[in-house]
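Structure first, then comments.
Each chain carries a letter (A, B, C and D) given by its place in the written order, and its residues are counted from 1.
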Amino acid sequence: MTPADTMTITEEQRGSDLVLQPIGDVDLSRSPQMRARLAAALAKKPGRIMVDLSKVPYMDSSGVATLVEALQHCRKAGCGLVLTSLHPRVRSIFEIAKLTQVFEIVDQTD
Amino acid sequence: MTPADTMTITEEQRGSDLVLQPIGDVDLSRSPQMRARLAAALAKKPGRIMVDLSKVPYMDSSGVATLVEALQHCRKAGCGLVLTSLHPRVRSIFEIAKLTQVFEIVDQTD
Amino acid sequence: MQLCLLSQPRLLGSVRALIETLAARIGFCQRGCGELVLAVDEVLTNIIRHGYEGAEDGRIWISFWSLQEPSVGIRVAIEDHQQVFDPSEFPERDLEEVRPGGLGLSLLRTLTRSCRHEVRPEGGMRVVIEKFCEDVGDSEDPESGGESAGTEGMHP
Amino acid sequence: MQLCLLSQPRLLGSVRALIETLAARIGFCQRGCGELVLAVDEVLTNIIRHGYEGAEDGRIWISFWSLQEPSVGIRVAIEDHQQVFDPSEFPERDLEEVRPGGLGLSLLRTLTRSCRHEVRPEGGMRVVIEKFCEDVGDSEDPESGGESAGTEGMHP
């Protein structure tokens, strides 16, 4: 058995980009882990961090807050942060929160 | 809004066969309706009744009982009853109930 | 965790969705989740049909505990205040016999490590089911998506 | 229908699965189901984080009623016995401002027809949410599978 509340987040280097792919719902039980992984990714000083959300069918405000925080840290460090492949439900929470203009959101990892 | 507990069951004539396709879980809230549709199908005196279960991800003993009853009625009427495209979960309840030999079960509607 | 519901067939689907997710979190593989869901569904179906005889205003309580001993699993208690019945009057169904009905209790016994019917001191029945992850004899992958995490101390 | 759970983040997924199925049965389209699920999740998340301050042994009760008046919808009441807070101290978030946090209450207000925080006479808070199928302004198909059937009288 895996420890409680563990979520899989895969990581892949693509040129100077670092692609993180969280797998599963990002809610209060998972966002602390995503937060830690984003911080660790930034510490590696990639050109950009791409967060591939194609395997995240659900996210709540704790997940969004984690990404907003990461965006602030990335901006300070001069690192890009790109969100890709959002499910409609996940996209709509960014829309309601008026964050679609704040984040760089693209449809697919290229 | 559709009335409570209504399930969609499509019906299609294929030669002398009548193909019924229930859509959704077949549990206690749905099996009475499936029962009525099976009886109505038999009344049309088809060569065989094919029950396409490809859109039934879940069935409980009330659904199985309904099909066993239909099988008895079909046998009396000299009509064939064939179950097709069972999901693994649905197949396993027929296995536990030792009904895989009793029913004619095929993988696909041809 | 505890759920209280009325004896209405249309609520069964929601209960199944809850149990499926709980079981996956505890660590049951997909097949184990499906078996647990079916076992609880069969108990509920019997309570609705036989216990409350189709009346839709009977109450049913379902409580969940995650188990660590003797191995990882779940205990589910399903309670009602229907009249009492004795399941030992309904022995193992002869599975060679082809008839509609009489399947629920057999399925319940097959799908669980243990299942116990008891009379509640306050009236009605309690069915207690236990099932363990390791009971499920297949090598199927557990749910993807890291859903197989623990759910200790679910009990309210 | 009523659900009682402990203030544990890992249980949120199961609650979501339950609510999603209930909402679909009542007649919410997929998008409406998603919005209701998110609204309730935000209330629960706030109770766990702020109300019980991360303690995992706080109790939370969630009750559901299906509504026919003024149109088809659902009422959800979420109760706890945490300390009392006044949500009017946290007005609409300035959505132009980019900062982590402060999103939950705004989402809750946006996603529901009404949401009311009240103090329970027996201590703690009660949040009552109402949402109606017609509020969801999209033409998306409802769930396939005939899941859009009514669920009157779900209340225990």
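The rule is simple: a residue touches a chain if its C-beta (ideal position, glycine included) is under 8 Å from a C-beta of that chain, and two chains touch if they have at least 3 such contacts.
Since the structure is predicted, the reported quantities are computational estimates derived from the model, not experimental observations.
Looking at chain B and chain D, the chains in contact with each of them are C.
Among the remaining chains, the Cα-based centre furthest from that of chain C is the centre of A. Between the CA-based centres of chain A and chain C the separation comes to 38 Å, rounded to the whole angstrom.
Here the CA centre of chain A is 45 Å from the CA centre of chain B. A straight line joining the Cα centres of chain B and chain C is 25 Å long.
Taken residue by residue, chain D touches two or more other chains at 8, 10, 13, 16, 147, 149-151, whereas all remaining positions touch fewer. Across the assembly, chain B contributes residues 4-5, 25, 29 that each touch 2 or more other chains. Every residue of chain C that touches chain B in the complex is listed here, in rising order: 8-10, 12-13, 16, 31, 34, 37-38, 41-42, 45, 48-49, 95-96, 98-101, 103-104, 106-107, 110-111. Within the complex formed with chain C, the residues of chain D that make contact are 1-6, 8, 10-11, 13-18, 20-22, 25, 56-57, 59, 147, 149-151, 153-156. Residues 4-5, 25, 27-29, 58, 60-62, 64-66, 68-69, 71-72, 88-89, 92-93, 96-99, 102 of chain B touch chain C in their complex.
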